[in-house]
Each structure stands twice: as C-alpha cells, then as structure tokens.
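Notes to accompany the following structure.
Letters A, B, C and D name the chains as they come in the text, with residue numbers starting at 1 for each one.
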Amino acid sequence: MSAAALNPDVLVALLHGPDRPGIVARVSGWIFERGGNILHADQHHDRSSGVFIQRIEWTPANPSAAAADADAFRAFANSIGMNARVSSSGARPRIAIFVSKFDHCFHDLALRWKSGDYACDIVAVVSNHRDLEVAARGYGLPFHHIPVTAATKDDAEAAQLALLQSLDVELVVLARYMQVLSESFLAQFGRPVINIHHSFLPAFAGGRPYHQAAARGVKLIGATAHYATAVLDDGPIIQQDVTRVTHRHSVDDMIRLGSDLEKIVLAHAVRWHLESRVLVYGNKTVVFD
Amino acid sequence: MSAAALNPDVLVALLHGPDRPGIVARVSGWIFERGGNILHADQHHDRSSGVFIQRIEWTPANPSAAAADADAFRAFANSIGMNARVSSSGARPRIAIFVSKFDHCFHDLALRWKSGDYACDIVAVVSNHRDLEVAARGYGLPFHHIPVTAATKDDAEAAQLALLQSLDVELVVLARYMQVLSESFLAQFGRPVINIHHSFLPAFAGGRPYHQAAARGVKLIGATAHYATAVLDDGPIIQQDVTRVTHRHSVDDMIRLGSDLEKIVLAHAVRWHLESRVLVYGNKTVVFD
Amino acid sequence: MSAAALNPDVLVALLHGPDRPGIVARVSGWIFERGGNILHADQHHDRSSGVFIQRIEWTPANPSAAAADADAFRAFANSIGMNARVSSSGARPRIAIFVSKFDHCFHDLALRWKSGDYACDIVAVVSNHRDLEVAARGYGLPFHHIPVTAATKDDAEAAQLALLQSLDVELVVLARYMQVLSESFLAQFGRPVINIHHSFLPAFAGGRPYHQAAARGVKLIGATAHYATAVLDDGPIIQQDVTRVTHRHSVDDMIRLGSDLEKIVLAHAVRWHLESRVLVYGNKTVVFD
Amino acid sequence: MSAAALNPDVLVALLHGPDRPGIVARVSGWIFERGGNILHADQHHDRSSGVFIQRIEWTPANPSAAAADADAFRAFANSIGMNARVSSSGARPRIAIFVSKFDHCFHDLALRWKSGDYACDIVAVVSNHRDLEVAARGYGLPFHHIPVTAATKDDAEAAQLALLQSLDVELVVLARYMQVLSESFLAQFGRPVINIHHSFLPAFAGGRPYHQAAARGVKLIGATAHYATAVLDDGPIIQQDVTRVTHRHSVDDMIRLGSDLEKIVLAHAVRWHLESRVLVYGNKTVVFD
C-alpha cells in the first residue's frame, strides 16, 4: 500500500466526474500508450449520483518527464470531462500542526514523521500555548506561539494565516487544537484542514464529548478524523474508530482510552491524505485504502 | 458465565442503594451465615453519585427453601438501605416478541430459544402484519395479529396490553417492530421493553438510520439495544456494536450488514436481561457480564 | 457490492496471470470496444511473485449474447496470457451443505438463502446423522442421510460423491460437518469445498479448538472459513474473525460465543465465493470485497 | 479503573487458593472490622480446578498504618489458606526496559510514563545496540549499552543481571528486545518479565511472525503481551489484539500496522501489571480489568 512512498517516480491521480461507459478503458489506454505502467487502480461508480471516481498510480516511461506527464494527464482528464488532481510521489507536502496543551496526538504524528513513515515536511508547529514548545524543538520542529483569546481571536487568525501563507503550507492538522477556526480563516486558507474529534460523530459533536458519552451511557466511545468546514464537527469524515467501555470506566478512563483512539484515527487520516487516497465528494469522502 | 442457566438452585440478586463502608462484608456475611455458597459477586461503586450496585449469585443451603431465602434476602437488603431484586435460576420469565415484517431478529431469537440458550418461555409473538405468522407457528409459538393504523393505534395498544396482561408477560422484546409504542402503553405495561435500534445511538435516532448514516458518510454503522422509554430511542442502552463500511457499500449493503449487527446486539441484551445482569440506573445501565 | 446479485445481465470475470504493462488497458479496452459498460474493476499486482489478478464486472452490450461474450472474453484473456473464470450473474450455482449435529451454521445459511440473500440453489443437505432432517425439510431442502463410521468411511464417501455428481453440485459447504473428507474425495469431487473451523487458524488446528484455546489462555477466540484441501485445516483462508474472552468464560461460553463467529465468518465466505469475489492463489486467497 | 493510581492510601491485594464457602465474607469482614473501606472487589471461582482468585482494593482506616495493614492482611490470608500479594498504591515499582533497534514500543512506554500514566519508576533502559541511547537520555532515562553476540551472551546476561539486581528492578519490559533471554537468566532474575510478540500467539511463535502470517495468508494479524518463561513465546498471555489485513498489504505494511498493535497491547499489559490486576495461574492469567 505504500508503493508511492517508496518510489520517487510514481504519479498518483485522483479523478472524478460524470460516469459514462469507457472511462476506465480511456484512462488506462492513455497511460499505456505513453509507456506508463499502472501499479494500482481503484475506481468507484456512485450509482445514486452518476459520479465516477478513480485513483490510479503509475510509473511514467521517463521519470525525468514526470512533471510533464502530470500536466498532460490533467489536460487529458479534462478532455474527457473529468476533474483530476495529480501528484508525484517525490513531492513532499508542507504541513503545519496546530496544538494546544494535549500532547498525545502531537507526539504520535511527530514520531511517525521522524521515523520516515510520512512523506511530508512539517514546517511549523503552531500553538495558543507554550506547553509543547520544548517537545516541538526536541523533534527539530519550528514552534510558533500565537495566543488566542476571545478579544484577540481575529488578530490571532490573521497571524496564523500570514504564517501559513509565508510557509506555503498545503495541509493543516489540528492535533487536539482547542480553538474553533472561523469560517473566514478556512475560506482564506483555502487548503485542507484535518481535525480529530474525540467522539463517534455525529454523536457528541461540540465540547466535552467524553462527558457527553458518559452521561448518555454509551457502550462504545469513538474518535473521528474529518476535514474541517465552516460548520463545527460536520465536515467530511475520513476515518473513525471505537473502543468498548463499561460502567467501570470513569470519564478520566474514557479520556485515557480515547486518547489512543484519537492518535490512531488521526494517524491514518493524515497518512491517507498524504498518499492521495482521499477524495472529498459532497460532504463525504471516498478513501482508497 | 452461565452458572444460573445451568443450575436450577441458584439465586441471583441485583441490589443498589447509597454506598457506605461494609456493604460487601454484610451481604456476603448474611449469605455465609445462612449456609449459602457465593458463586459470583460483582459490584460497582459509582463515585460521582455515591451509589453502590452489586450482583451476587449463590446457592442456598437448602434448595427447597430458595423462595424463602429470596424473600429473606430482600428484607435483609432493605434493612441495610438497599433495594434488591432477587430471582431464582429455576424461574423462566414469560416474554413476548413484537415483530413487523423484518424477520432476521425474530429467527435469531427463536433459534436461540429453541436451542435452549435462553431460560425463558416465549408466550406470544405479536405483529401488526401477518408475514411472520407461518414462521412463528413453525417454531411452535402462538402468533397474534394486531393490525395498527394511525386511526386504530389506541385500540391496538389496548388489545396488546390486554394480551400481555392476560399472559402475565414479564418482558417485551421489540424485534424490529416498526411501530412506536406510546408513553401510555409503556406506563400501563410497567415492565421492561427491550428495543433494537439500527444505529449507534445517539447518532441517527428516529427513522431510516442507515439512510441517515449513508448521507453523513460515517465509516462505521452500528446497532443499539436499549430499554424503551417515553422518549423515542433515548432509553438506557444495554449493548452496542459497530461494523466498518466504505464508499463501496450502498444503503442496501448497510441494511444487510447491519442486520447481522442487530441480531447479535439484541441477542446479547436479551440474554443479559434474562440472566439478571442488567441494572438500570438513572438513564444508564450497569451490565455485569 | 451486490450489483451482480441484483442484475441478471452482469458478467463477472476473475483473471490472473503474469503481470506486465498494459493489461488493465487491454482488458478494459476489449470490453469497451464490444459496447460493454464496466461496473466495477479491482486489480492486484503481487510484486513478490509478478502475478496480476483482476476482478471485473460489466454489462454486455446485448444481454442475450452474454454467454457468447463470456466465451469470447475467456479466449481474449488467454490470448494475453491470462487465465479467466467468467460467470453470469444470472447463473445460480448448485450447492450442497454437509452437516452433522450442530445446527447454528446450517440455520444461518438456510435463512440467508431463503431470504434471497444468496444467488444459488441449495440442492442437497447431506449428513452423517438424522438430527437436522426435520429442519432441512422445513426449509424445503432435500435431506440425505449418509452415515459414516470408521469401517464404512470409504463407502460413505463414494455415496456422497455419487450424489454430488448426479446433482451436478458446484460447491460444497461444510457447515460444522464433523468428519474429515479424504484427499481422494476432494480430488474426485474436483470442485471447491468451503469449511468453517472454530479457531483462528493456524492456531488450534485439529479437534476441540475451543478446549485448546481455553488451555492456552488466549484472550481472543476466532473462526476461520477456508477451502478444504488434503491437509487438514491448512487450505486457503477466505475469512477470519475473533471475539474477546476473559477468564470468566468457560469452554461452554466459548462454544456459545464462537458459534456466532462461525456463522458470520462462514456466511461471508459463502457469499464472496458465490459472487466470484475469491481467487485462490498459491495457498492464499485474494478477496475482492 | 485508576483509583489506585490516584490515591496514595489504597491497598490492593491479589489472593488465590483452594475455593470453599465463605471466603468472600471472611475477606470483606476482615477489612470491615479493621475500619477499612472496600473500593473494588472482583473475584473468580475456577470451577474446573477448584481455585478461588480475588482482587480487592480498599482504603485502610489509618493511612499511616497501611504497611502494617498489608502485613496483617497477608497473615490473615494465609490463615484461611490463601496466598496473597498486597501492594500499596503509593509504591512505585522499579522497572527496566530492554530494547534493540525498533523504537515504537519504547517511545510509547516512555511517553505514557512521562505523562504520569504509569505509577512506576523507569530506572534503566538496557540495549544491545546504541540506536536508542539519545532517545532514552532525551526522556531523562539512564541508558545501558550491553552488546550481545553468540559468543558473549552468557557474559552479557550476567552483566544485565548484575545491573538489575543493583537497581533492585522489580519488572523487566522487553519492548521489542530482539534477543532471547535464557532460562538461567529468567530463573536468576526471579521477577516478572513482560514480552511483546508480534503475532496472535500461539500462531506464529518464533522469528519473523509477520512473514509467517503473510505466507499463511491470514486475514488478521495480531500482537500478544505475555510473561516470558523458559519456553520461547509460550508464557502466560496478558493481552492480545488483532487488526485486519488484505491481499493489498505487503509484509512491510503488516509491520507498520502491527507496530501500532504492539504498542497498545504492551501498554495495556504493563499498566495492568503495575496496577496489580494480573494474577498468573497455571500457564494462564486472570486479568481484573
């Protein structure tokens, strides 16, 4: 599943558009005619909406012409009515991690990145608190302290945006960042933001989800990684998982057990995003895992 | 875990009341002094509310005096400020199953009962349709057709109540019964009603939960067995489970996969109820499994 | 996932052979050129062995020519070095279920079949005991009692084989059949046999796996559906699942919990086989689910 | 579940011995009479072997006399034929972590310990390689490099033993330590050693379990935490878990997915051991979680 990560010469396309006969044949034919070799291809036909979605990985005939091939593929896809996003496995997206005080998701992401498991560059750790500054610098990551209060929220978001833009950040990961990003911030940033919410959404959206879960008496607690949108905890879901709890578990126990869920759910979502496995589609995702 | 089911001479008590030092010692001391032998004991101290909850199974010294022992235990429990429900493993609760047209939960319950897995008597199958009449009679179960329309709902519920009371039904299981029981029905019946809802409650309460789940793009679908209360899909949860879905699963696939979840979740809830393993407590349950 | 089951005009091919560039393009091109419409296609490149494997579903241009298209596709596949098995969704494989005394897997399969969930004809229930005769006839299924003892095993297998051949049985499902089929039987039958083993293979192969699991103190028990081969419990695995147990579970509890696992694992394996989703490959399977 | 961790004045006893009527009453009576307050009590009656096992947590009447109470409880337990281990929640066991080059389990344990999640002191990190030296020191942990070759194994074990004894280490955790500890080492150390094995034992004991799993074509891979004994990968199992794999997963993918399993399985096992929740019994464990 990690061919792209291992091979710098692989192109990965995610394409979608109106379904009609022959798309698979034309796409694979185009690649074959240019001497490419398809490594993986997975497609989905959404019957209810008539949409065709495909993820395809291939090695171009001439690695040095990969960028040209990517451009040519985009043009070809458009010519058959498809929207395409093409990335090269050699590219390393620039990402920023937003944190507050909880550190478990941050350490988890940083260690996976440090071990070479994530093909990306973490170019900034941004926090409204200083608690994780030493940890971030310990991993060799630049740390930016941007405090946020009700009064300064607009200014703080402006500072965050300026930072992201100056660093050309392509993905923001909210690793238990305890502030809600405004609709305006998301619109201006205009690039994906992945959030981890500590419940099985849509159950227990909003604040203190473990307390909500304990009050309702559920037998499973969950975590949900999703793209952030203007509506809180309502964006397209990338990954979810749950773990069993009983009456013996206090809210503190749920928080502890849940933190392991949060780490693994966020880790999968980030990995799939980095490997171009996630296509947003309506308010849902198709994940080619 | 099935000592009670195997041994006709076992008493099982569920007790709860204000927590204070010495309850465990006094309860076990009382049983020991009367020559009883404790087979299992499990207790829970709810710190936040100061409530003590215990389930205890024992063989009385003299099996023929089990009924007297049960009465004596209740009196003893009251004397130390506890509320106790005591049942004998020899007792076979009388239950009614309500169904509509879906048959998977019905067959599952009937087969478990027929194989001797459930220590109860199924004294009635009640339905607003005739679809499962032949199947019910095939298992040797009395079938009662009580049609329900918006206009006749009150009369239908009156007929259901009269039937349940005439049969001394102690538990109703709603095995995908597609009518909402009124608050008045539940109050007049006054005994437990277990429902299976085809979602991970509190997500997707109400109608067509698999359609809701598909629309929201969740990555797991679930089922929830709970005691029915006046508020739809809001009663104390007994058991929940989930299974993974992807973009490849249509709503029909979810319905099919979900039906296996519904069967097993409801089967566990009914079994735990029959074995006196479930104590309702606020709007939550303690399940001693 | 059930397009084939719903649509009588769908062709499904499973093909495999030496991997080389252009196969996807050629296969999809062939279908497109003949006016077919690809509904699903999924492929796998096994890097270590250089094998290409594909499952592809399509509607032929002219439903009445589906059989001819299937033949033509096989010939085409051979021409590009691929081995292909093509089936029409209109075909209903003829299957036989072998049982002994345990009835849970049998009821589960029969109910799924009766509800229309399985696109097959169950043409025989074969047993070495008479225990399930009434149940089989209750589902309208022909029951054949073929007793087996150590002394009569060869004759019994000969009788089973004669029956299977006279009925043109295409798949045998061993639904907790408690006799080991001989190597000779499997060779002479020459068609797939699916078995359910009540452990997480390769742990606890052979007899009394729940007793073995209890003795070893494992924390999860499992079930495995696999194709039967000459080596006991060693054939290609189709599906596995597990459930958690604790010290509180006796062997009897494990047997009860395990029976639910066995049902669902076997049900999935049979469904996937019937939908042409399973390709055996070495001693492993590729399951396109 | 973490009362002991939160409250320095709690005593926890694990006791076991021949089952007979009245033990629960006598144990709880003893605590009650001395003014103690039972917080949790859980017991297990092993019917097949006639053994009674109990874990009980209580606050003694006088915290300053906790040590005396622990001694008195041990004597009392012996007087009723029970073997008892009593620990105070204020005690912090001294543990050593053995590592080689894989760092995921090490970081996971170190971060949990650093966050205060484990009530223990990590007094040594021991490795046959220098790879994790910087990481260990980064957490403020003393690192000891003791190289091991076939020729020097006896000397290396002697050095390890001397170190453990000089530090009064009470528990060794093998966090993917890639050397087999000899029977002699285990006997001389004489205290618990927890190992994490990267398979669902007893499947795939020994070396390269993910390669074994890939070769066998299993659909789930697992991890097992167990106490190390003289027979490799055969000691009492504390915890196990599994995750699903498909034909798409290479051995490298299994290694990556499995590393998350290993972390969480080992983390649970260590926590349960530290909280006196694990009683070894025959070659099995009772885990009071």
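Annotations for the structure displayed:
Just so we're on the same page, contacts are C-beta pairs under 8 Å (C-beta built on N, C-alpha and C of every residue); 3 or more make two chains touch, one makes a residue touch a chain.
Predicted model, so just to flag it, every value in this text is computed and none were measured.
On residue numbers, the B-D interface is repeated by A-C, which shares over half of its contact pairs, out of the options C-D, A-C or A-B. Using mean Cα coordinates as chain centres, the one most removed from subunit A is B.
A comparison of the B-C and A-C interfaces places the larger number of contacting C-beta pairs at A-C. Mean C-alpha positions place subunit A and subunit B at a centre distance of 42 Å. Between subunit A and subunit C, the centres computed from C-alpha atoms are 37 Å apart.
Residue numbers of subunit A whose C-beta contacts span two or more other chains: 248, 250. Across the complex, subunit B meets subunit C through its residues 1-2, 103-104, 107, 111, 115, 117, 138, 248-250, 252-253, 256, 260, 264, 267. For subunit D in complex with subunit B, the residues that touch the partner chain are 21-22, 24-26, 28-29, 31-33, 35-43, 45.
Of all residues in subunit D, those touching subunit C in their complex are 44, 46-48, 53, 200-204, 216-220, 222, 236-242, 246-248, 250, 282-287.
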